[in-house]
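Working notes, structure below.
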Amino acid sequence: MALVVRNIARADGAVVHALEGYGVATVHEAQGRKGLLASYMRPIYRPCSIAGSAVTCEVAPGDNWMIHVAVEQCKAGDVLVVAPTSPCEDGYFGDLLATSLKARGVRGLVIDAGVRDVATLTEMAFPVWSKAIYAQGTVKETLGNVNLPLVCAGAVIYPGDVIVADDDGICVVRRAEAAAVADAAKQRVANEGCKRARFEAGELGLDIYGMREKLAAKGLKYLDEAP
Amino acid sequence: MALVVRNIARADGAVVHALEGYGVATVHEAQGRKGLLASYMRPIYRPCSIAGSAVTCEVAPGDNWMIHVAVEQCKAGDVLVVAPTSPCEDGYFGDLLATSLKARGVRGLVIDAGVRDVATLTEMAFPVWSKAIYAQGTVKETLGNVNLPLVCAGAVIYPGDVIVADDDGICVVRRAEAAAVADAAKQRVANEGCKRARFEAGELGLDIYGMREKLAAKGLKYLDEAP
Amino acid sequence: MALVVRNIARADGAVVHALEGYGVATVHEAQGRKGLLASYMRPIYRPCSIAGSAVTCEVAPGDNWMIHVAVEQCKAGDVLVVAPTSPCEDGYFGDLLATSLKARGVRGLVIDAGVRDVATLTEMAFPVWSKAIYAQGTVKETLGNVNLPLVCAGAVIYPGDVIVADDDGICVVRRAEAAAVADAAKQRVANEGCKRARFEAGELGLDIYGMREKLAAKGLKYLDEAP
Amino acid sequence: MALVVRNIARADGAVVHALEGYGVATVHEAQGRKGLLASYMRPIYRPCSIAGSAVTCEVAPGDNWMIHVAVEQCKAGDVLVVAPTSPCEDGYFGDLLATSLKARGVRGLVIDAGVRDVATLTEMAFPVWSKAIYAQGTVKETLGNVNLPLVCAGAVIYPGDVIVADDDGICVVRRAEAAAVADAAKQRVANEGCKRARFEAGELGLDIYGMREKLAAKGLKYLDEAP
Amino acid sequence: MALVVRNIARADGAVVHALEGYGVATVHEAQGRKGLLASYMRPIYRPCSIAGSAVTCEVAPGDNWMIHVAVEQCKAGDVLVVAPTSPCEDGYFGDLLATSLKARGVRGLVIDAGVRDVATLTEMAFPVWSKAIYAQGTVKETLGNVNLPLVCAGAVIYPGDVIVADDDGICVVRRAEAAAVADAAKQRVANEGCKRARFEAGELGLDIYGMREKLAAKGLKYLDEAP
Amino acid sequence: MALVVRNIARADGAVVHALEGYGVATVHEAQGRKGLLASYMRPIYRPCSIAGSAVTCEVAPGDNWMIHVAVEQCKAGDVLVVAPTSPCEDGYFGDLLATSLKARGVRGLVIDAGVRDVATLTEMAFPVWSKAIYAQGTVKETLGNVNLPLVCAGAVIYPGDVIVADDDGICVVRRAEAAAVADAAKQRVANEGCKRARFEAGELGLDIYGMREKLAAKGLKYLDEAP
């Protein structure tokens, strides 16, 4: 049996917007170095940067039927997250589906599989993070679930989680933690701003972070010449 | 023994031109979802889009001698298709060979191996789809065949087949089927144009394609809340 | 025990500058087809082209502590070369470390691991060649060596070696051989310039390189039609 | 902060034993084709077949400290499940840790990373499923969680879930579903036994499963000779 | 439209039997170093060695329906060759299908995808060469062709071609060339037998093959000590 | 120009023999966690375990000519180490070359490429560690160096270094360090023997290594129930 859940809780729009501004690397650090999807997930064009609420969609290998079902569940500000039930690089998604998502105000697509029509998607400025670019077509025969939790590129994603995606990759933030993560990210960014100025002025991380003593204690030795 | 076939039949220029306009994803669908080369074949720059008649060239691993032989067999409008006899990522091809092909009016290169001088190739606007970018040089010691059928990136290619390549990858169309595929692609594009307008207007694929009944028959259930 | 070597011999600046101009493919050929790093090392943006003296830095998997140590050993014109002691794709390096290196006049980074903040690095025009782009954070717990020889992406690199990197990848030139390699590259480029003009004029490599006789001797046969 | 959860609910021993007997392929089918870990997870020797309750252990890349912590939480009949916070192939586990686990009655190890001492582990008949065999040593510097849910080789695993592993790979069964899955597997095996006898007698799947009509309806055509 | 071709020409049984005896490496050399399938195709157990006539079967990703159709077309002495229309590692084949093939006298399976039940297949001594071992189940929804030519693991295979498979991998021999290849292999084996005796007696390849002069002519230099 | 160095210093036979007994994991630890070749290097059969002095051989991609040259430089107790100048999986080595090496008393082969005839090599009990098993033949056209240092599977190897190889992989020990490493390994093994007895008796690594205090200091918390 396959299920579609119609109503999911979404994160607060202001929090999502803030997380988009901080970016993937900062958000991932701010929540304790967790939530990243696998490094093989790459944007089809750069630069691009989005955040939104996850609508999740499970698909069969080589079968994009459920994406059509998932589109109807997407609202403005969402990010569609698609994962196949076994590894597949087929081109599940192209410009027509992107047109449909864009018409609904969807921010972008994260898919642990392939996409196609990437020249058009780039022109449309519809951002996609995918495992592959591959024109291979798909069938419409097998059901899957929409808006149930799934694993996408190694990360667990619940419907309504915040997806943050940029040139560095993709990070998922649990909906209930989103506000706290945004706060932590804000502090981190402020802190980094100070440090950036000091680095620009030529100060060293060794001194900014006070590392010299700990390095010596661990046994680091300096030689004037090669041994 | 190694062979070079001098005269090959090429597809009609108007048909080739039409296929170029339709692009890889559409052409591949129009001919029944066949003919794609492997997804690891990527263009060295984007966007780019070509079509042309295949001149095929078999090379030994780490040996680009036969590419020089193949160049002579290329005419304006051709696409040179190179495949090694065993997997290799060496840089078989660079700016001098590209200059030579460009002087002959060749449209581009498809090579299941590596290329180099990609900054210059990009400046020259000479499009290449390859398995790798790698500066590794090659020798000139071992013969291979030119204009015999070969397997390139998982697809069988006959000399004179039409090669269509763009940002989505590469598709081969048999010469004898090229006109029919172009016709089918034309219809498909027209059909997609209509659909695009409906998607832009907010209609759903579920309705445009009449999927709701079939989904229900397969057993898809909608829940208002997560189970 | 971990060591940091403070003083390393660097190559002559004019030689380094010359090598940068010749580029990776030419330099690699000029020194006898050796010195390339693995083809999976890719620039985070294109086009970019640098050369500089290597400062080498060994890191533990998931631990970027030693990069902070290495920064202090870098001078204007250097290229920082980082390799983990076992394979790792974590994001060892981001915009703060790039700011620090840039403040010291470092030309770029070569890292057999991951980097992050690539949108900012691209804006800063700080070139990086890496194995991956991945936001995954690292810890600061384990020591490694700075300015001892290491293997990075399959190539041995000694501190002070010249690193040449561009869109084709990365090549290392031994410091003691740098001047001779630059001379050989100069001749090669001059020679290629002549050939380029002949290729542009439509001459074939078969004739320019005098290959026809050798091909025939090896047994190459020409057929007018497919066998 | 890192946490160790001391008390976890485990599945009923008889159910675990039954699942072990059915094997991975059958269990995975019986629960609706879900729960498989990635296909790159391979046993270090064959044949081997186990089932047990999962004790989960998160480790840092190149750091096996938490495995020592996890061992203490393991009881007879458990399977230790280890996943790094970012991809790593280091040899986290060898014969001493195996001796320790074996002394506690642990059934085996599932690790999304590397192991070593595999000759000794094989002699000991201590089964391990891993991503790699690699002698690379690890450090003991960074904390992680024990007995919190994690993603291992693409599958979510909760402490106390049933891990079934054999030559085909690994499948996870939720503790609450284990009894029902065992029942479904029992029926499936009974059903397969009947079918096996029919296949051995030369009957075809086309007839056993009544496929001919559906194939014809979909459009399958039989030709006497190649077209 | 999908097609099943009922009658295919098969190679002479004595020739097939001879090719089986010579093995993959010898057969591949004897036919001019062609016909190998990709090196990722591995036997599920070793040692094993077979040859037989190819029955070809194209399947959709994640869909093993057509294998049931192909079984009916198999005769004693055949090898079933299965390739998906796009890359897939699902477990298309298990012990029931093996039982069915074995009942028909089929020699083994070559599949550019995954298989499961490998412990049972090993006990049954039913040899399989595959891309993966993976328990992932498949559906039965999409048609494909049986006994049309296809590309399997990078090699073109025509129905009725001879498949030779052993611990070194898989080689395809065109039916029309099989007798000549068997003759060439016979000579090669005789020749190797003589050489083996000379190697065992301590003679060097340098002398047996008369290489010393050619090496010197190419410029090989011997030094008594490291330079 | 290509060079063959005739005379190389080899390690003391007793030291080599001792290192063989300790095995790869122990030797690698005893020399400070360095010297491992990449984890993709696997033995063609298991179990097997050797040590010997390295004779190094550089080959061109798809060209095994220099292996014949290297054989003559091998003595009893050596291990032949072969690396291609660019990545290649061809079958450089088969049973005839193994017969030749065995006749000279060579202990085994380490090759960062492919081998073939593995069924025969297994029967002969001639151990090989390789990147691939692949029947693909090679040519004899291009020179390379014998007994110069090279990089094999990511590790630098000097002629005369000690190669230790077993089921866990391969480790290189510098000749000048071999005696000291053997001593360190001896102590390590003695130490492990004591620990093994304690582990067998049920003691925990947490107590044997005194980890509890350090874990608490780092912040590890124990909970009785899941949070």
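Residue numbering begins at 1 within each chain, and the chains themselves are lettered A, B, C, D, E and F in the order written.
The rule is simple: a contact is a pair of C-beta atoms (placed from the backbone, for glycine too) under 8 Å apart; a residue touches a chain by one contact, two chains touch by 3 or more.
As the structure is a prediction and not an experimental result, all values here were calculated from the model.
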Labels of chains that are neighbours to chain E and to chain F: B, D
Residue-number overlap at the chain D/chain F interface, same or different (half cut): different
Angle of the C-alpha superposing rotation, chain A to chain B, to the nearest 5 degrees: 120
Chain C and chain D: spacing of chain centres that average the CA atoms, whole Å: 42
Separation of mean Cα positions, chain E and chain C [Å, integer]: 40
Multi-chain contact sites of chain A, meaning residues that touch two or more partners: 33, 36, 39, 85-87, 89, 134, 136
Pairs of chains in contact (touch as defined earlier), listed by label: A-B, A-C, A-D, A-E, B-C, B-E, B-F, C-D, C-F, D-E, D-F, E-F
Chain A residues touching chain D - in the complex, by the definition given at the top: 33-34, 36, 38-39, 85-87, 151, 154-156
Contacting residues of chain B [partner chain F, same complex]: 60-63, 85-90, 134, 136, 139, 141-142
Chain E contact footprint on chain F (complex, rising order): 1-8, 65, 68-69, 71-72, 89, 91, 94-97, 99-100, 103-104, 114, 116-119, 122, 132-137, 140, 143, 147-148, 159
Contact set on chain C toward chain B in their complex: 23-25, 28-29, 33, 36, 39, 42, 46-47, 49, 166-169, 171, 192, 195-196, 199-202, 204-206, 209, 211, 215, 218-227
